[in-house]
Structures are given as C-alpha cells and as structure tokens.
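In the two complexes that follow, chain A is the common piece, with chain B as its partner first and chain C second.
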Partner chain A sequence: MPVYFLEIIVVALGLLILMVDAFVKLEDKRTLAWVGMLGLVVVFALLFRVQWPESTEGAFWQFYSANDNLALFFKGIAILCTLGVMIMSYDFSGVVVDQTADPEPGAHPQAGLGEFFALPLFACAGLMWMASANNLVSIFVSLETVTICFYVMVAYLRRNVGSLEAGVKYLILGALSTGFLVYGFAWLYGVTGSMDLAEISAALAKPDVNQAAALFAFALILVALTFKVGGAPFHFWIPDVYQGAPTPITAFLSIGSKAAGFIVLLRLVSPFLASGELVGKVTLAIAIIAGLTLLIGNLSAIPQKNFKRLLAYSSISHAGFLLMALACTPRSSDASGALSKPVTVIAFYLGAYLLMTILAFLVMTVVRRKIADETFDAYTGLAKRAPFLSAAMLIAMASLAGIPLTVGFWGKLFVFKLAVEQQQWVLLAIGLIGAGAGFYYYLKIAASMYLGTPDPKKQVIDDTPIPIGNVARIAMILLMVGIIVAGVNPSLILGLLD
Partner chain B sequence: MLEIIVFLPLIAALAIALGAPARFTALSASAFALVLSLVLAIQFDLTKEGGFQFESARPLLDIGGFPDLSLSFGIDGISLVLLLLATIVMLSAVWVAPGEKQIKGSSKLYYLSLLLIGGGAIGAFCSTDLFFLYAFHELALIPTFLMIGIFGHGENRVKTAWTITIYLGVGSLILLVGLIMALVGVGADTFNIEEIIALAKSPETAIAAGEQKWIFGILLVGFGILVSLFPFHSWAAPAYSDAPEPVAMLHAGVLKKFGLYGLIRIAMPMLPAGMEALTNVLLVLLLGNIIYLGLVTIAQKKLDRMLGYSSVMHMGYVFLGIAAANHLGVSGAVLLMFAHGISIALLFALCGWVRENYGTVDFEKLGGIASHVPKLGLLFGFAAFASAGLPGFANFAAEVAIFFGAFKGAEDGIGWIQWATIIALWGVVISAVYMLRAYRSIFLGECSKTLSAPADMTWAARLPILLLLVALLVVGFVPEILNQFIRPAVEGLFLVKAG
Partner chain C sequence: MTFLFYLFAAMALIGGVGVVVNKNPVSAAFAMILSFLGLAALFIQLNAYLVGILQILVYAGAIMVLFLFIIMLMNVEEEEKRKFPIVNALGGSGVAIAFAILLATVLKRSEIGNAGLPRLSVAEGPGNSDVHRIGELLFSHYWFPIQMVGILLLVATVGAVVLSKKQLK
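The block that comes next holds the complex of A and B.
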C-alpha cells in the first residue's frame, strides 16, 4: 500500500465522523469516538505494511519524502498519540458537554461533542504529513494544518474562561511564530534559491554561501520552531495554554505537537549542521537554547501546585533534553552519518516520552472526571482510594524522572552519552541539575498520592473508588507494560528506527 | 539458577501486587532465595581463578551505534559473598517485619517494597552487565521513599524520605555520568563488565592517566554518596533511624554495600591510575568517617540514631581496605562488607523489638531492662560485641585483615596510608565506647518505674535474630568459609591488572 494512503485514510475517518455526526441521529455521540479509535488502530497496523514507491519521479515526491523510516516512526507516534487522545476524550466527554452544549430545548444533549472527536483526526493527518514533508512548502502547509486544528481544540470549552484565554494566547503567539517561520523560509529561499531540502542542503554546503544571510534565516527558523517545541525563551505560552486547554488536548499538544516540531526542526536544521561553514555557530545557538530550556523548565517546575502546569514545565524540560541531544551533533565531514545518531536518540526519546506522558494524562483524565480539581489536592491520599490509578501514575512519574528500568531512563542515558562523547560539559552539568530537580518534582505527585492525607478544609473527603472505563484501563495496562519492557529492553523502540 | 534467585523476589512482589497473601509470599520467596544461594555456594568451583561462574546471558540490544545490552548474570567469589549477605538479611528482615494486621496502611505495599529493595540488591550484585548493575540498585529508590514516608517513625519521616531519595537520586546521577565517561573513555560499545574492563586494561584502549583522575573522582563522589562516605553522609543516619526496621536492615546492611561493590568491581580495575592519584584524598575522607563520625556516634542519645551513625562510621574501614589496594586489604574489605551487613541488620532488628515493646529507643527513658528481658539482653550483647569487633565474630577477622593490608609496605617507611591506619585503629576504641555505653544505658542500671515490663522475646521473634547471629559466629570462627571464595576473586581482580 502506498505510504500516502495512511494520511488519506485518517482524513477520510475524520470526514466520516463529521458526516455521521451531522446526518445520523445518535443516542450517545461517544460512539463516534469508538469509530475514531478503531480506525486509528487499523491505520497503525497498516503502518507496518507500507510500500515505498519504486520511482520517485513526479511532482508529488518533491513534497513528500520517500524511503524514509524515520518518517514512518514519527507517523506511528502521531497515530498512537491521537489514539491516546481519543481514549481520553471518550472519558472526558462529560466535561466537554458540560462546558459547551447550549441548554436549548430540543437540542441534542451532547451537541458539539462530535467535532471534538473529528478534529484530532485532522490534526493527526497533518502531523503524519509533517513527518514526511521534505520541502519548505509542504512543511509549512502541514504545520499550519495542525496548528489551525489546535487553535480550535484548545479553545473548545467555550463556557470555560480558562480554555478561551488559552485559545487566544495560543492563537496570537502561534500566528506570530508562524510569521517568523515564513520570514525565515523566505530568507532561506533567497540564500539557496530552492524550496527543496536536499537542494538547500547542497547549496548551504558550498563554501561561497552567504553566511550572514543563511544564519539570519536559521535564527528566524530556530525562533519559530523553538516556540513550537516549547523551548526557552519562547516557552511562555506553554503553562497557560496547557492549563487552560481541555486535558486530552493538553496531552495532544505536549506530545503530538512536540514530536512534529522536532521532526521539522531536525529536517530544517540538518542542512545547516551539514554545512562545514555554519555548523559551529548553529550548534552553539542550539546548545544555548537547550541549556536555557533545561534550566527554566526544570527549575520552574519545582514550585508548581497545579498538576497540568507541572506537566507543562515538564514538557519544556524534556524539550530541553531533546535540544541537548541535537546540540551534541558530532562535527564530522560526513554530515548525514554525524547527524544520524542524535536523530535516532531524539526519535527514541520522543517514543519514550509518548508512552509515559500519555499514561500520565490518561490517569489525570480519569481522576478529573470524578474530582473537579487539577491541583495536587486532588491526588492527596489517592493511593488508598484508587491503588491502580496511583500505581499507573507512579510508573509514569518514575519514567518521566528517568529512573532505571523505565523507558525514560534510556532517553536520558543516550542524551548524556552523546554529551559526554561530544564533551559538552556545561550542557551535561545543566542536564544533571535538571534531572536532579526532576526527581523532586515528579516524586512530589507520588508523595501526595502515597504519603498525603486529605485535608478536610481543602476538599470534600470522599473514599468511594474512582471508576475507570475498560478501554482506559486496558490502555493504562498496555502503557505500563510498555514503559517497563522498553525500559529493560530499549531495542523494542530502537529496533523500529534501525 | 542464578536467574531464579534474581527474579524470585521480583516475581513475588508482582504476585503480591496482584493479590497473593503478602507476608506468606514474601517470606517463602526470601527463604527459597537463601536456600538457592547456599546451593550455589556449595556448587561454586573454587579451583577457578577469578572470573564469573553460573553465567547466563540474554542479549537484548544489538544495534550499531548503541552499546550492546544483555540481561546477563554471573557471580564470582565477591558477588557470591554479597549474594549470601543479601539473601540472609532479606529473609531475616521479612521475618521480623510486623504481621499483616499490625501494619498501619497497606500491608501489600509494605512487603512488596521490602522485596523490591532486597531483590534490587541481589540483582545488582549478580549482574555482569553494567546497565543492569546500575538499574537494579535504583530499583530500591522509590520503595525506600514510600516505606520511610508511609511506615516510618517520627514526625520528620516525610522530610527524611525526601532527603534520602533526592540525595541518593542525585548520587546515582553523578555515578551515571562517571560510568558513561568511563564507557566512552575506553570506547566500549557494550555494557558487558568483563569486556569493558578488558578494554580498560589493554594498553591501546586504556584511559589516559590524567583523564582517569577525573573519572575516578566522579565515581568516588557517586559511589561515595551511596555508601555515605564523609562528607556525603548526612542522609544516612536520619534515614535509618526513621525507616521501619526491616528497611533499615536491608538498606544499611545490604544496599549500601552496592557503592563499595561498584568501587571494587568497576572503578578499581578500570582506573588504577586514577585511584592511585586520589588515594590520599580518600584516606582523609575515610578518616572523617572513622574518627569524626565515630565521635558523633558517641554523642547520640537514641539507639536508632546511634546505630545509623555507627553504620556510617564502619564504612570507613571498608574504604581503608579498598584504599590499601592489595589482596589482603581488599579481601578484608569484602569480608567486612559481609560482617558489617549482618551485624548492623542484627542490631536494627533488636532495636525494632525494643521500639515495639517499650515504645521508645531513648537511652534516657530505657535502663535496666535486662532484668525483665534477659534473652534480649544477651542477644544485644552479642550484637554489640560483634559490631565493636570482638574476636570470634566475623567483624574481627575482617578488620584485622584490613589493618594488616593497609599497613603493608611499612618496611619501606611509614607513608600516608600507614599513618591513616594508625589513626583509624582508634576507631576500634571509639566503637567499643559507644556500643558499651548503649548496652549499659539500655540494659544495666536502675530500671525506670515508668517502663512496663513486656514478655521476653519469644522463639518466633528470636529465630530471625539467631539466623543472623549464627552467620556472624560461624564466619567469625572459620573466616575461611568465605575467604575461600573471596581470595581467588580478589586475585582475579589484580591478576588481570598485571597482565
């Protein structure tokens, strides 16, 4: 099956959901989520049966990379992430209905829920295309497809001020960063005379390249993409938007959007890293951003009391580790060979990040449905009330903190190893400080679940168990097993990249 | 069979999580692990010089550009002795743990955590793959945090739980960087310890002496934090006194030995030049452990704190044996790791009994209790003598070997290490002082009227204690039992160095 069928199927799935929602009278609109979930499982299975084209002649392949295992890996991340988001949305739909539907007589009680299941699919198709984009035009179009879906999804809870505020912030800052990106593209085109990444790479490698202009293009692009992946100093939107957005969408932003941002960053930065003239300055810039991101993300996470905000800073800190890996690109004459290792490490790290973050957000969604509170208070003493959920959250947090025998540890190990190999001692020290701070703030949630006792002044004492849907429970078990098995044997993920 | 021993506690922990009866499962798993490790000790081939035995390997990761990883186990004499220590102490710790009904909170979580702490130590000692060596040790991190925070004693237990977790977490991170630097330094693309050490020994791939100094320094800080080497010791005593006694037994007795084991297994053979350059620094630090912390121990007013500090203090001797870097010193260090592990577990177990039955471990509130609990008094007397290094106990044999080892070479003039040994000898006096003081203020003298008189230790309570005591006495009278395992292994360490 040709590879681009995957995106077509996902778009068709989204359209199907929209049509069914519009024309079929459903008792319970959550059925739509089932359609989406099953469809995504099928697409994920099809991912392993992709056939690459025999010839890459023709206009299409100028916009879409062929024979690209890495793209498939990132498509897999996008699909699994969307699947996780759909499972969460299924559990979260009660909250969505509460805060969107008009209480008009005669209207469907779940009016407005259907699109909540369709939009992630459109975003997913965009993410998947982005993984294969090999041309400035297709990169830009796919990126905007995703971002526009996100603008809507972030502001979806229209009766919730926080969600609206998040939507506006994301829209304005997102538009600004897009502006930077386009301007950077324009300069890049001006310097190299091409939109095609391979040609750009060749043009930048020439010794007579206009260095100042190329670096200016690089700076603009780096600013825009640092914004997308949540790197400092363009991270300010992250905590507010993550806190305000509906929880499943926060998960989508923090994984899907970040993974996509990184694949675009990798594609756009590699021509610069391959250029012997520019590589020193480029890696220095990335290293500075990585160090800043690590420091700001990890140190700001320490005092957080809202769990979503904590995960927002945690996502910034992970962006820092990923940027650190990129900054540790070996300087060798063989550019593609030099970059291949950081790229593998980044892809692995993102795969690991997907597993643990989805797990954390799944638990959070289930808890949120029962307890309308997103601060740590909601988790105080949770271990007595919901031992399964607490164990799942504990494993997710251990993995995010990078404790061995969880997959998160391997990510950190590989990044640190790259830093040692490239003798980036300053970055390594900052990474250590970050990881040490991570121990504290990730375990803080474990501490409130296991060591805390609920305070009657702050919350209603309620010892009834928290119900978990079957799909969510199965997903949690699979994710826990995945985190530990891949933590023992990382070739489970690395093998896909080989 | 080695794999069974390693996975037994972990499988038992999983079974408990899934609903198996907690105490029964934990107890039978640890008893079985002890029996199996004794069988291994009997089957151990003493004629082999060094090298791992009972090896097994399951390759996991074999991808270009990334180090080869394999789930591999194997033991030499050093790891066998530590395996025996771990299984003996684990059985006894699970045994003295309170019954399921007496635990305030989830008894499942309690026993599961104990098994994970013990199983992590066993796995670390038996791994021949650097990643798993490191990872198994870290397995204990979160269970320890939960155990101290939930089931610990005292008002400050949550704070203590945080201190130990952050301290050890950061220590392990520093250690990780040191290990990566060593790995990258020899250009290894594997985690297999034997292959890495072989690379480090061969002149082409050995790390330059100047670099070795840095790496050894980082490893010394990393491992040192885990072993509570002065001045990184401040987490240890509060953690042990606030932890439930079974956790203190496992942590002070077994888990803490991991750092020393790592120094002997990895840092010494890989970085001989680095070690030589930093020996004098190590000597100063270990005297800090022995003398400064020894004096701190004397000043303690509660039994649990005192035991915590005493265990920190005794680490100084093991470091002295390592610093000697000769057969006798290192063998003594390994033997002392075993002896100290058993004796500190013994003392913590007794301390737990006192706390449970008298409700306090304060020297001032206790006193003269030998009159109502003579059996406890006798057992505590033995434990205190063992810990102070009286002949007849394993600790004596080990300390003598360390002192002789460290003093070797005095005929060529008294150097730093000989002076350090002379000063360290005073530690023996210090430990006699605090142990005897503790014994006097708890058991002798006027019995306070306010103390209720509980029934003396029952057989059920005494059995796990006797298990530890017998191990100490047997090894004390016939140290050859363990030395026959340790000697070829230590020679193996140095043999490879020469060739």
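The block that comes next holds the complex of A and C.
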C-alpha cells in the first residue's frame, strides 16, 4: 500500500465520525470513539505494510519525503498517541459532556461529544504529514493543522473557566510563536532561495553562505520550535495550559505536540548542523537552551502539588533531555554507530516517553472520573483502594524517573552516553542533577501511594474500588508490558529505527 | 519609488503602533486597517499585485468589518478604563526595541543589500498575469499543501462552531 494512504485513511476516519455524528441518531455517542479506536488500530497495522514509491516524480513528492524510515517511526508514535488519547477520551466523556453541553430541550444529552472524538483524528493526520514533510510549505501547513486542532481541544470544556483560560493562553502564545516561525522561514528562504529541505541543506553547506542572515533565520526558527516543544525560556505556557486542558488532551499535548516539535526541529536544524560554517554556534545555542530547560523543568517540578502541573514540568524536563541529545551532534562524520546519532537517540527517547506518559495519563483519567481532586492528595494511600491502578502508576513513575529495567532508563542512558562521547561535560552535569531531582519528585508520588495514609482533613475517605473500563485496562496492561519488555531489551525499539 | 516605499512603510508602522497604543478597540481596529493598507501598497510595489489586492479586499475589507462588528457587540467602555501598569509598557517596548536592534545588526552584518543573495525566479515568468500564474501554481505544484489547508479550515470551522454555539444540538 502506498505510504500516503495512511493519512488519507485517518482523515477519512475523522470525516466519517463527523458525518455520522451529524446525520445518524446514535443512542450513545461513545460508539464513535470505538470507530476511531478500531480505525487507528488498522492504520497502525498498515504501517508495517507500506510501500515506498518507485519514482518520486510529480509535485506531491516535493512536499512528502519518500523512503524515510524515521518518518514511519514518528507516524507510529502519532498513531499510538492518538489511540491512547481516544481510549482516555472514551473514559473521560462523562466529564466532557458535563462541562460542554447545555443542550436544547429535546436535544441529544451527549451533544458536542462527537467532535471531541473527531478532532484528535485530524490532529493525528497533521502529525503524520508533519513526520513526512520535507518542504517548508508542508511543514508549516501540517504544523498549523495540528496546532489549530489543539487550540480547539484545549478550550473544549467551555463551561469550565480553567479550560477556557488555557485555550486563550495557548492561542495567543501559539500565534506569536507561529509568527516567529514564519519570519524565520522567510529569512531562510531569503538566504537559500529554496523551500525544499534538501536544497536548503546544500545551500547552507556552501562556504560562502551569508552567516549572519542564516543564523538569524536559525534563531527565529529555534524560538518558535522551543516554544512548541516546551523548552526554556519559552515554557511559561505549559503548566497553565496542561492544568486547564481536559486530561486526555493534556496527554496529547505532552506527547503529540512534543514529538511533532522534535521531528520538525530535527529536520530544520540538521541542515544547519551539517554546515561546517555554522555548526559551532548552532550547537552552542541549543546547548544553552537544553541546560536551561533541564534546570528549570526539574527544579520547578519539586514543589508542585497538582498532578497535572507536575507532569507539565516533567514534560519540560524531558524536552530538556531531548534538546541535550540534539546539542550533542557529532562534529565529524566518523561517529558511525546508530546510537552516536542524535536522531536515533531522540526517536528512541520519544518512543519511550510515549509509553510511560500515556500510561500515567490513563491512570489519571480513570482516577479523575471517581475523584474530582487533581492534587497529590487524591493519590495518597491509593494502593489499598486500587492496587492495579497504583501498580500501573508506579511503573509509569519509575520509567519517567529512569529506574533500570524500565524503558525510561535506556532513554536517559543513551542521551548521557551521547554527551560523554561529545564531551559536553557541563550539559552532562546538569542532566545528572535533573535526573536526580526527577527521582525525588516521581518517586514521592509512588511512595505516598503505597506508604501514605489518607488524611481525613484533606480528602473524603472512601474505600470503594475505582472502576476501570475494559479497554483502559487492556491498554494499561499492554503499556506496562511494553515498558518492562523494552526496558529489559531496548533493541526491540531500536530495531524499528534501522 | 523610494519615497513611496518610505511613505507606505511608515504608514504600516504607524498603524501597527496605533493598534497597540489605542485603548479604544474601535480606534485600534481602524489603526489596523491603516497598517494593512500600507502593507498592501508595499506588496504592489513589489509587483505582487494579487497579494496586494487580496490584502485590501480580504483583510482590510472583510475581516476588519467582522472585527468591528464583534467589537461593537462587546462592551467597549470596560476596556477603555483598563489601566496598563508602567512596568508592562516598559517591558514590552524594551523587548520590541531589543528586537529592532538585533534586526538592525543582522541587516548590517549580513549586508543584504549588496551580498550575493540568490535571485528569486518567481517574479520572472512568461507574460501571463499575476492571478493566472499564482492560480496555476497553487493548483498544480502546490496541490498537496492546498488539500492540507482544506483540512485545516475544516478543523477551524468545526472548532468555532463547537466552542461558540450557545446551545449544542
């Protein structure tokens, strides 16, 4: 099957859900989520059966890269991430209905739910296009498709002030960062005379490249993409938006938006890194941002009380590790091993990050349905009440912290190995401090789940078990198995990258 | 021609400053129209007639009229009474000035006026009209991004309806 069919199927799935929602009277609109989930599973299976084109003539291939395994890997991340979001949305639909609908008398009681299941699919298609984009035009259009989906989804709980505030903040700051991105593209086009990434790369590699202008283009693009991936000092929106957004969408933002930001960053920065004239300055800029991000993300996470805010800072700190890998690009081409390339390390890290973050958010969504509290108090002593959920959360937290035998450990290890190889000692030290702080704040939650006793002053004591839907349970089991198995044998994920 | 360039550039800039400085949203919207007109004139000076005309028709015309309608439906007085702390004003203009200095330095260092920047071939096609050429490019070479924009607009429409409808059906 030609590779571009994947996105077409996903878009068609989204349109199908919109149309069915509009024209068919459904008893329970959550059926639409089933359609989406099944469709995504099929698309994921098809991912392993794609055929690359024999000829890349025609306008289409100017905008869509051919024969690109990295793109396939990122498409896989996008699909799995969307699937996880759909599973969470299914469980979360009660909250969505509560806080969006004010149905007319006689209207469907779940009015407004159908679109909540369709939008992630369009975002997924955008993410997949972005993974294959090899031209400034297609990068920009797919990035905007994804971002606009996110604007809507973040503000989706329109009867909830927090969600609306998050939406407005995200919209204004996101629009500003898009402005920087376009301005950077304009300078890049001015310097190189091309929108095509391969041609840009060739133009930047010439020794007579206009350095000042090229670096200015780079700086503008870096500002915009640092904003998208949540790197310091452009991270201020992350905690507020993550806290206000509906929980499944927070998960989508923290994985989908980050993965998308990094694939675009990799594609746009690699021409600069390949240019002998610019590589030194470019790496220095990325290293400074990476160091700042690591420090701010990890140290601000320590005093947090709200779980979503904690995961927001955690997402900033993971962006720091990923940027650190990017800053450790080998100067010469003699580094031949796959793990000496930041691209492989970043892709592996994102794959690992996908597994553990989805697991953490799945548990959060299920708990949130029963306990409206989003602070850590809701999790104190949870192990007695919900042993399965606590075990899942324990594994997610252990992996996020980077404890051996989890996949998160390998992600961090590969990044540190890269830093040692490139002798980035300062970054390495900051990274180790960050990882140490991570141990503290992730394991604090794990400890309070297992060792803490609920405080009657802070929460209602309730010992009834928390119900888990079957789909969510299966997804959690799969994710736990994935984290452990890939943690014992990381070559399972690395094999996909070759 | 240089004189006209400076005239319209100044118009666009003054309009832009007016949007930020004016407390009355209606005046701010009118300042924005001024800025768009200046921009449109700059596009036309660059031989991009279609882009210039679209700037006037779509932005200065349709979108700004919509803006003004929305502003009139809102309560304007409240916005006029809002006070801006001096710290914010200083911080904001400080960032803008720093960016302007950066831009000036880059322009000076890169010597864009006389450096060997690549010549762009877009404006030098055969004698067809601007509209003709842009239209042909959009629907032949750029057909795929245009399709993606279609999805983007669909999402935006769905989002606007879902978020703003008074009572969902």
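Methods note: the second predicted complex is superposed on the first by the 489 of 498 C-alpha atoms of A that agree within 3 Å, B and C clash if a C-alpha of one lies under 4 Å from a C-alpha of the other, contacts with A are read in each partner's own complex, and residues count from 1 in each chain.
We take it that contacts are C-beta pairs under 8 Å (C-beta built on N, C-alpha and C of every residue); 3 or more make two chains touch, one makes a residue touch a chain.
From a predicted model like this one, the values you see are computed outputs, not experimental measurements.
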item: Which superposed partner A:373 touches (first chain B, second chain C, both, neither); value: neither
item: Which superposed partner A:405 touches (first chain B, second chain C, both, neither); value: first
item: First, second, both or neither for A:112, with chain B first and chain C second; value: second
item: Partner chain in contact with A:148 - chain B first, chain C second, else both or neither; value: second
item: Per-residue contact with chain A, leading partner among chain C and chain B; value: C
item: Which superposed partner A:199 touches (first chain B, second chain C, both, neither); value: neither
item: Partner chain(s) touched by A:101 [first = chain B, second = chain C, both, neither]; value: second
item: Overlap of the chain B and chain C footprints on chain A, listed as residue numbers; value: none
item: Touching residues on chain B, where the partner in the complex is chain A; value: 17, 60-66, 69, 71, 106, 109, 131, 134-136, 138-139, 141-142, 145-146, 149-150, 158, 161-162, 165-166, 169-170, 173-174, 176-177, 180-181, 183-184
item: Touching residues on chain A, where the partner in the complex is chain B; value: 340-341, 344, 383-384, 387, 391, 394, 398, 401, 403-405, 409, 413-414, 416-417, 420-421, 428, 432, 435-436, 439-440, 443, 446-447, 450-451, 488-491, 494-495, 498
item: List of chain A residues in touch with chain C within their complex; value: 11, 18, 59-60, 62-64, 100-104, 107-108, 111-112, 115, 118-119, 122, 125-126, 129, 137-138, 141-142, 144-145, 148-149, 151-152, 155-156, 158, 167, 190-193, 203, 208, 210-213, 216
item: Residues of chain C defined as touching chain A within the complex; value: 102-103, 106, 109-110, 112, 115-120, 140-145, 148-149, 151-152, 154-156, 158-159, 162-163, 166-169
